[in-house]
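In the two complexes below, chain A is the common chain; its partner is chain B in one and chain C in the other.
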Partner chain A sequence: MRIRAERDDLVDVLSRAGRAVGARAALPILQGLLIEVSGKTMRVTGTDLDVTVRTELEVEVLSGGTTVAPARLATEAVRKLPPGAVTFQAEAGEIEISGGGPVFRFREFSAADYPKLSEPVLKAAVAVDGAAFADAIGQVSVAASTDDARPVLTGVFFEAEGGKLRMVSTDSYRLAVRDVPAVEASLSGLVPVRALKELTRTVSAGKLRVAVGDREAAFASDRGVLTARLIEGSFPNYRSLIPASYPNRLRIARQALLEAIDRASLVAEDHIPIRITLQKGGIELSVTRQDVGGETEHVEAEYSGEEMTIAFNSKYLNDGVSAIDEDTIVLDVLDPLKPGVLRGGEGDDFLYLLMPVRL
Partner chain B sequence: MRLLVARCSVDYTGRLAAHLPMAIRLIMVKADGCVAIHADGGAYKPLNWMNAPNHLEESPGRWVVTNPKGESLVITLEDVIEDRSIELGPDPGLEKDGVERTLQHLLADRAAVIEPGLEILEREYATDLGPVDLLCRDIGGQVVAVEIKRRGEIDGVEQLTRYLERLNRDTTLAPVRGILAAMTVTPQARTLAAARGIGWVEVDYDLLRGLEGRAPRLFEV
Partner chain C sequence: MGPMNRPRTFAERIAHVDMDAFFVEVERLRRPDLKGRAVVVGGAGPRSVVASASYEARRYGVHSAMPMIQARRLCPHLVVVVPDHAEYQAVSAEVFSVFAEFTPLVEAVSVDEAFLDIAGLRRHAATPAEVGERIRRTIRLRLGLPSSVGLGTTKLVAKMASRDAKPDGLLLVAAGGEIEYLHRKPVRALWGVGEATHARLEEIGVVTIGDLAALPRDALIRRLGGALGGHLADLAAGIDPRPVAPGEETRSISVEETYDTDLSDLGRMRRELLAQADRLAARLHHERLLAATVHLKVRYGDFTTVTRSHTFSAPVATARDLYRTTLALLERTDAAVRPVRLLGIGASGLVAADAPRQLVLTEGAWVEVERAIANVRDRFGHSAVDRASLTGEGGDDGRLPGSP
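Up next is the complex of A and B:
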């Protein structure tokens, strides 16, 4: 196998596929990138068996073939070469990377040892706007759990909802729901949030096709394909958690609320709740930390409903408010012990359900 | 896992030179490439070993294991008694003592208790020496490896030192610093940690459990 390509293009396809190659590789071969060259195309695959990223580049093919190169070394070697054309070749168990003078040689992995990966199934894919999809992932991923002991909560649940693609995540303390316009959405599955976070760094583009099969989800664009093994298990019945109506509603400026939470968080730390007294004309936001002190402030807002004091974990509250990309935030509450719902003042495509902390 | 029982001698050259005279020994070649030579006694560590990444070249009667640091292990095989390979499959990992495991769960949910602003990136982050309990990012964006122990002793600092050495080889993570988090940290461990630039923190298990009790969930997990 022997190809020639521009350094920066080569770094791009190698490093994006390499995002799926983690330090968590269970087998030495998984520390490698599978490189297949045929026609005018170089196809690069990286995987940790849970997440697979495939990228492609049109190159000058001097001879076709297949090799497995050490992912990090090969990528960094290409990156460190002078700008310009780079020659990448594999022969007799050795990979040679050269350009502008320097020559790197690395031991080649055996391509026969590379796992046989199934081709991504994109037949039933729905088309979504790549930028909107990336925003949606950013909004819902904050509520996903990082606790591997509860794998079902480390995923984002995909399902079709009224012709839209719905994404839901929860770590049991909060829940985020986001609807994305999609063409002919009819899919369902639990996609690891880790894979979704990689999407923007690997294959996300202006137009994205999304398919969720029985075992795998696939995300394809003209930059490549990311596939992720679905998480097995039942996602919590999230619909039953969202109250149908709320008698108390706060409308408040997002930026003013974020700044107030930020000031309170200076004292609150992670485990001290922020108390919010909801009253006509605005909120009294306060935090008290024993042996340290506290902070109190008034933030003007519109409130209709019964006066009450409710408390939230400062980080979870901040995550929810930050995730809403609107000038005005709406907080709907039933009482101080039941979940409150944050959403944008105008849009109804995102909601963030947050469990209050007992005072 | 390849298990070879053979009468062999072993010569190591690298940081020092070591020779194991001809005797019957167990040679283990693990799936990740690690090679270990064991005697018929002791459960602490092999007589000699070479961690991955390395390269094993087999020729009749002679194995040569080399690594990128220039170390080599030459195994001269006089008589191979048994040679078999067994697929062990994925390793579910070490089951930890209940308190330590719970402590890890609690701290994973509240990394800021370890250090203000600390955010968790991954639990049980795999390195080729074993999983780091928590891989986090601090308020300044630096990656932080956290090793959690019920009682923080010198062994815990040593273990974290080894992890940090591996993690700092990864250019996508480096520079990585370390924090030993435990219910109590011994004075010796504090001294060693400070000498190696490793942070340490004592965490209140009962308080953390209490906090969990105060944080209601939307549903039972």
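Up next is the complex of A and C:
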């Protein structure tokens, strides 16, 4: 196998595929990138068996073939060469990377040892706008858990809902639901949030195709394909968690609320909740920490409902308010022990539900 | 303002109070026939260890943590009493209420020992030793239990002094005399010196704390790493700025069990852990506490011990949460491939259940069920309610009944 390509193009395809290669791979071979050259194309694959990224590049093919190169070394070697054309070849157990004078040589992994990965299934894929999808992932991923003890909660649940693609996540303290316009969505599955966070750095582009199959989710663009093994298990019945009606509604300026939370958070670390007293004309926001001190302030807002005091974890509250990209925020509450629901004053495509802290 | 020659606080402001052979002495209160005899408290199984040994038993070389078989061999007429931890907890609470009458600055180390900051008692007693004797006398008069007190300028010195004061005595290491006192002690007596560190120090000829203090700090840090090396260098130089930290009466609660024969069946291990999670949850409920962190302890057949822990984003108390987490931790051990001798679950990062508490979206049903179970247990004892999977063998896939 022997190809020639521009240094920067080569770094791009190698490093994006390399993002799926784990720092501590379970098998030595998984520290490698699979490189397949045929026709005019070089295909690069990186995987940790849960997440796989495939990229490809049109190159000058001097001879075709397949090799597995050490991911980090090969990528960094190409990156450190002088700008211009780079020659990449594999022969007799050795990988040679050269350009502009310097020559790197690395031991080749045996391509026969590389795991057989199933081809991405994109038949039933739906098309979405890449930028909007990336925003949506940013909004729902904050509520996903990073706690491996409960794998189901480390996923984002995808499902079709009224002609839209719906994504839901929860760490059992808060829940985020986001709908994305999509054509003919018909899919369902739990996609690891870790894989979704890699999308923008690997294959996300203006147009993205999304497919969720029985075992894998696939995301494809002209920059490549990311596949992720679905998390097994059933996602909590989130619909039953969302209250049907709210007698008490607050409308408040997002920026003013964020600034107030930021001030309160100075004191509110370590699970100390922020107390919010909802009353006509606005909210009284306060935080008190034993042995330290506290902060209080009034933020003007519209409130209709019963006067009450409810407390939230400052980080969870901040995550939710930050995720809503509108000038006005709506907070609906039932009582101080029931979930509060945050959403935008205008849009109805995002909802963030959070459980209060019992005082 | 007092006279010039009377400082307002004691230099030797830290008292370490340690109950003597606590479990044994509590048993002797209920069973006077045990007085004067070689007695240990410990389990009855073939693999039990000694939890507490009377001084009569210690004369035969019996000490706590020793396998019961060995203890019986050393002392054939040994009387073995099965532990009653509920009783020890209750008596411990009375001991701590004595401490609280002297000072609010009490830091519990375990059920039977604590550090007290007695600096504020200057106006009530002439010397620290007088305070120490009054504490000992009060415990003796009110509870009938012997205790020992160590007094010094730092926690390290006070702790070592109480050990030297035993049994039923008091030792004050005067300010200025700490270095001389410390340097005669074996290095093993320092906190932070376990077996591995001890071996590394022995290799370079360090036997006493004095030897350690003679080493250049840099050399120690190079040998043991920055954190431990620096810490030990400080301790050896008598530097121990840690204050008595009250308000942490209960730092952790744990349950564990050594099995008569090694376990190699994962299903059995899961059932054991389910039972332990249940007991731990019951104790948390009883103490009105929530746990931020859960620990799993696994000792393999060859005595090597590993622990794994997990910290929750919000503290928990239900057996379900403890159990589910413990199962995940078990997967991070070699329990599937190595025989297991001991299993244990611990809870730490304990906070009061009535402290502000993050509510959970899906908890509703489960918390109510477990609270109901705990209330039944409080009234009727632990065996009144058991989970279905604990009452029979087989059929247990490691999940709680009713879990999704």
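By our rule, the second predicted complex is superposed on the first by the 358 of 359 C-alpha atoms of A that agree within 3 Å, B and C clash if a C-alpha of one lies under 4 Å from a C-alpha of the other, contacts with A are read in each partner's own complex, and residues count from 1 in each chain.
By definition in this document, contacts are C-beta pairs under 8 Å (C-beta built on N, C-alpha and C of every residue); 3 or more make two chains touch, one makes a residue touch a chain.
This is a predicted model, so every value here is computed, not measured.
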Request  = Return fit or clash for chain B versus chain C, each positioned on chain A through the superposition.
outcome  = clash
Task = Applying the touch criterion given at the start, work out whether A:L241 contacts chain B, chain C, both or neither, answering first, second, both or neither.
result = both
Remark   = Across chain A, the partner (chain B or chain C) reaching more residues is B
Message = So in the superposed three-chain picture, is A:K40 touching just chain B, just chain C, both, or none of them (first/second/both/neither)?
response = neither
Query = Who does A:Y173 touch here: chain B (first), chain C (second), both, or neither?
reply = both
Task = Go through the superposed model and pick first if A:P356 touches only chain B, second if only chain C, both, or neither.
result = both
Ask   = Looking at the overlay, what does A:K80 touch: chain B (first), chain C (second), both, or neither?
value = neither
Task = State whether A:R251 touches chain B only (first), chain C only (second), both chains, or neither.
result = neither
Task = Please work out whether A:R150 is in contact with chain B alone, chain C alone, both, or neither, and reply first, second, both or neither.
result = both
Remark   = Which of 99-107, 117-125 or 171-179 hits chain C? In chain B, it is stretch 99-107
Task = Show which residues of chain A both chain B and chain C reach, each in its own complex.
result = 147-150, 170, 172-175, 236, 241, 271, 313, 337, 339, 353, 355-358
Residue ranges of chain B touching chain A (in the complex, touch as defined) = 31-33, 52-53, 55, 90, 105, 108-113, 116, 120-128, 166-167, 170-173, 211, 214-219, 221
Task = Could you pull out which chain A residues touch chain B in their complex?
result = 22-28, 72, 76, 107, 146-150, 153, 170, 172-175, 236, 241, 269-271, 313, 315, 337, 339, 353, 355-358
Inquiry  = Give the list of chain A residues in touch with chain C in this complex.
reply    = 145, 147-150, 170-175, 234, 236, 241, 271-273, 311, 313, 337, 339, 353, 355-359
Note = chain A partner, complex, touching residues on chain C are 310, 312-314, 324-325, 328-329, 356-363, 404
